[in-house]
Amino acid sequence: MLVFENDYSFGAHPKVLEELCKTNMAAASGYGSDGFTASAMEKIRKAIDCPDAQICFLTGGTQTNQVVIDCLLKPYEGVISCVTGHVNGHEAGAIEHSGHKVLALPHHEGKLRAEDIRQYIDGFYGEEAFEHMVFPGMVYISHPTEYGTLYSKQELEELRAVCDQYHIPLYMDGARLAYGLMSERTDVTLQDIARLTDVFYIGGTKCGALCGEALVFTKRNMPDHFLARIKQKGALLAKGRLNAVQFDALFTDNLYEEVGAHAIRMAALLKKAFADKGYPFHMDSPTNQQFVILTDEQMQRIAHHAVFSRWEKLPDGRTVVRFATSWATTKEDIRALSEIL
Amino acid sequence: MLVFENDYSFGAHPKVLEELCKTNMAAASGYGSDGFTASAMEKIRKAIDCPDAQICFLTGGTQTNQVVIDCLLKPYEGVISCVTGHVNGHEAGAIEHSGHKVLALPHHEGKLRAEDIRQYIDGFYGEEAFEHMVFPGMVYISHPTEYGTLYSKQELEELRAVCDQYHIPLYMDGARLAYGLMSERTDVTLQDIARLTDVFYIGGTKCGALCGEALVFTKRNMPDHFLARIKQKGALLAKGRLNAVQFDALFTDNLYEEVGAHAIRMAALLKKAFADKGYPFHMDSPTNQQFVILTDEQMQRIAHHAVFSRWEKLPDGRTVVRFATSWATTKEDIRALSEIL
Amino acid sequence: MLVFENDYSFGAHPKVLEELCKTNMAAASGYGSDGFTASAMEKIRKAIDCPDAQICFLTGGTQTNQVVIDCLLKPYEGVISCVTGHVNGHEAGAIEHSGHKVLALPHHEGKLRAEDIRQYIDGFYGEEAFEHMVFPGMVYISHPTEYGTLYSKQELEELRAVCDQYHIPLYMDGARLAYGLMSERTDVTLQDIARLTDVFYIGGTKCGALCGEALVFTKRNMPDHFLARIKQKGALLAKGRLNAVQFDALFTDNLYEEVGAHAIRMAALLKKAFADKGYPFHMDSPTNQQFVILTDEQMQRIAHHAVFSRWEKLPDGRTVVRFATSWATTKEDIRALSEIL
Amino acid sequence: MLVFENDYSFGAHPKVLEELCKTNMAAASGYGSDGFTASAMEKIRKAIDCPDAQICFLTGGTQTNQVVIDCLLKPYEGVISCVTGHVNGHEAGAIEHSGHKVLALPHHEGKLRAEDIRQYIDGFYGEEAFEHMVFPGMVYISHPTEYGTLYSKQELEELRAVCDQYHIPLYMDGARLAYGLMSERTDVTLQDIARLTDVFYIGGTKCGALCGEALVFTKRNMPDHFLARIKQKGALLAKGRLNAVQFDALFTDNLYEEVGAHAIRMAALLKKAFADKGYPFHMDSPTNQQFVILTDEQMQRIAHHAVFSRWEKLPDGRTVVRFATSWATTKEDIRALSEIL
């Protein structure tokens, strides 16, 4: 069976696993106070060109979103996200569970527009009774988005400007950041992201690690006693080394870029395979997630040979499905898929 | 200055105040275990024709909404409301503060449609990954709505049917219920409401009391140890008599109806006053809140003589404003307003 | 039946009720933006000799404790209270419900000792792993305490010193403050309290009002957007006038002092009545709550004629009971009780 | 440097790591719906002799405690723990953060006594105003305890009886369960634990895994939509295989027992080494944590050669320190330590 279900179907990238094996018998103290953690942090600081960055390793994406948003928002504030944002629809209400409203604005191919935010916040403060409403306290974006699309540098600068205007932080969910960085159609670098956001995370789980996300505060803005808050949310690993060693590997010899670049190349081949056979796309994604529109007949036929994800039903009865590539996808996989199509 | 700012600008209806005075020196035990509470409950049970109803007096509307929604929802559930619902926009995030998402659906003149709910819930359970989403666990409606509009009996029955289909409770916010019940354009009675909802509240604060809302569970469905939960939320009054005595008065000799009927009569006169002068209305409200569209010039002129609320700015620069009547509004008030117009 | 059950058995002090009646037909805008609120605040600021005080009226004691503690603590902090503190045992877990641990220290006749606090906090910061523990973030005291006892000015100054040392606020729950201020055995004034605490509340519900507590921030330390936070907790009254008018009355012509002084006089008579008959006391209370030890036989006999509260069972089978006086207690009540004894 | 700091200083037991390597390139669907998870669950069900057990893999101990306690308690309930319980003191308030009070009872060598619980609950329901208090809703124990001590089967049966009497669940935190099971001084088996508790977890992180705890509901009592609740708390791993593969290894060929037995053997040698040199023990621990009392001079000397944890300062100035063994401790480590002593 060919596996395109998602980018977390396999274990760890072999080099990540190798590092876990190599370091296994070295002693390390707990809760992130170890040398592996220090080393991984230093490599990330260099990669993002932000020597002052404060970094913390967490275990998963929803956990990271919940921790960041709850810790940076004041209790009377909500987070602005586009309606398709992961925090708005696919985290089982984790944000509301921690007491905050997601203020959902329209999406444009999965992206939030600076102008929509400006209009929303202006409208908010234009209300007589705004103290009876939820204050907009932060902007959440994902990059790549839930539809695989990417912000341009220009768009990020506009988001930065609107956040500066209202003095609220800009947070980027980089669960799939490797694929965004290595897309052929991006002008956004890791350094740009560190410069333009207040906080972002570099996804590990979906980019070659067994688990782990590297949360980066770029403006000396890590909340007070952040360790205590992470502990309080059940998000502190005793063996902090687990996440750290993996990120140390991912940020050695450009492995993180390699993981992204490989998946992007495979996605390009996959895209071509579908396009060559005349399959329509739901959205023009420049990253490792490709959204194809299938008839029921096509869907059933392909499902005999390949695993993929059903995304949404279209009004005409066809279905949007997602094919995802990763470090583990091979040319043979694509070739075999191509034959099925 | 003429006061049409809202329906809670004055103290209590004189008969309510009189009852507070009359009972002042009678001893009563605390926290709702007193005779006034028992008496008021019994009168409400009769008025709604639901001998089994479980009743509890709370102090304000947002508090009541927060208590009901948090206590009836399971932690992984959210509440369906139309986007204009009070819980969605004007309670400073009280619902999210208690851990639950408001699942906002479109409004139709301030009302939620059964068909929209059905489609939403079907869509939810149609998702492969619905356990990663917020479960729809309750339907919230306000009656009258935030725009003064009313559900018909037919519409309530449709909402009931959709709630039965998915086994979720129907909750009605009756902050201004007196005005809904006494509208000339309603076919919904208090008994219908008790029959068709699982839980609702009879508004006191905006219908002649100094404070107080009577929360009614109609299907023997009051949550376990509800007193403890109210206490835990800081919503339990030591002098439970305060709310009870007021509701006892409101449900004696049809005072609650009288309060509503008077305001409705005044609203009809007010509406006529505006209509006679050719002022356009934003929505055709059959209750005590009237939404009129004013130019800046009109707004400024009227503001010299009368207090009203600014609602929203229209794209053409004009403003929707609200004039509200209450038990305290007099014919003289309307006449004076008419002259200003 | 004689009523000594508690100090909230009757309605409002007649002068409070009179003020509610007198102001009933005056229009007031909502949510505390009215003139009654401004007037009551000003009178309180004068009474406490703290022209900068920021004041807010809430409805009940548990609500006030929950709002203050949750709003002043950081999420990783808990509140220090003695084990007998109201927040620790009798608020159905309201503090934990808002996310904070009550750090319970031993009590000394219902009081917290500065030295115990110092030792606790020193111990906390002496731990290697204190970031895995709950940070001590605030000191909570009640005055009078749950046992009717009072802090001396010296004791309050010591508490102030320990709070200054660790930079944490001192909060006083004054649910029964009138009785504390007017006790013959106190050297603490309202001005002392304003000076020595960071925040405190002046109890209304148990001191002559139908409801209401005046929350006072004495050091320009009211939390940001406090109105929004109160709203979010369901604690904001639409008719803010209700609490304000009552406090306006209580702080006119020394009514608050009169309420306290009368109850204290009645408590002295009551104490004498018990003492004269040789009844033992559980604690030597200088305020309006008197804790007497009764045998079962005595308890049953008195219960035929008077209502009082059972407090705790002693190991020897006898019971500690509480007799409370208030503005509504009369000399005749005491005389009648005396005859029963 | 010799490492006795804790039982999570090293990576994974070599056989656990080997299994991660072996399975790395097998595809697995996400969120625990994979074959590794099914296999690990089945092996655990057999090991605990509870074919109906419902199992879920989580990542860490505090997370597991928070999830279980919040999901099993009703909102008005608290959890009974002894004062030294991990949830009471060392989880940064994770339980209170999720809204529940820890009801702390005295400890007896780190253990909770059935009789203390009975007395506490009887006292609770004996109160007139118990609805103003936090309901006791669950019993939490750790086994081994925070002091390395163990419950006997008799003691667990007594705890079971008191939980049955009051219809509340018994929850065992088995962070270090392997060491408890393999102690030479225990009569408690894994099957006993499954039979006598309602829910417990089998610790992985501190017993040979890189991360992971196996949460077991033994009475068909897993909460509704538990996956959604775990997701909502940020505790759901995308690569559920990570925890599952490790537990699959731990429950193959008795590896979990081997991990425990080895550490116990090493602890016995370590204990002997200290005893031979006349060092006093703080508590007589039958498991892998040994609590020794050191003078400052001894502490400094040993610290030059070995890492251990400082536990608490004694009034006489000496310090209780903890030496922990694990699967990674060798006889050479002990011999070298012995020479230092």
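Letters A, B, C and D name the chains as they come in the text, with residue numbers starting at 1 for each one.
We take it that a contact is a pair of C-beta atoms (placed from the backbone, for glycine too) under 8 Å apart; a residue touches a chain by one contact, two chains touch by 3 or more.
What you see is a predicted model, and the numbers here were worked out from it, not measured in a lab.
Trainee: Looking only at C-beta pairs that count as contacts, which pair of chains has more of them, A-B or A-C?
Mentor: A-B
Trainee: Measuring centre to centre, with centres taken as mean CA positions, what chain is farthest from subunit C?
Mentor: Of all chains, A has its centre farthest from that of subunit C.
Trainee: With chain centres taken as the means of their Cα atoms, state the distance from subunit A to subunit C in Å.
Mentor: Using C-alpha averages as centres, the distance is 50 Å.
Trainee: Distance from the CA centroid of subunit B to that of subunit C, rounded to the nearest Å?
Mentor: A distance of 33 Å separates the two centres.
Trainee: Approximately how many whole Å separate the CA-defined centres of subunit A and subunit B?
Mentor: Their C-alpha centroids are separated by 42 Å.
Trainee: Mark out which residues of subunit D touch at least two other chains, giving numbers and ranges.
Mentor: Residue numbers touching two or more other chains: 75-76, 91-93, 97, 131-132, 228-229, 231-232.
Trainee: Quick check: in the complex, which residue numbers of subunit B touch subunit A?
Mentor: It comes out as residues 75-76, 78, 89-93, 96-97, 99-102, 126, 128-129, 131-134, 309-310, 313.
Trainee: Contact residues on subunit D for subunit A in the complex?
Mentor: Going through subunit D, the ones touching subunit A are 1, 3, 5-6, 8-12, 14, 17, 20-21, 23-30, 59-67, 91-94, 97, 205-206, 210-211, 228-229, 231-239, 241-242, 307, 328.
Trainee: Show me the residue ranges of subunit D that touch subunit B in the complex, using the header's touch definition.
Mentor: For this pair, the touching residues of subunit D are 70-71, 74-76, 131-132, 135, 224-225, 227-229, 231-232.
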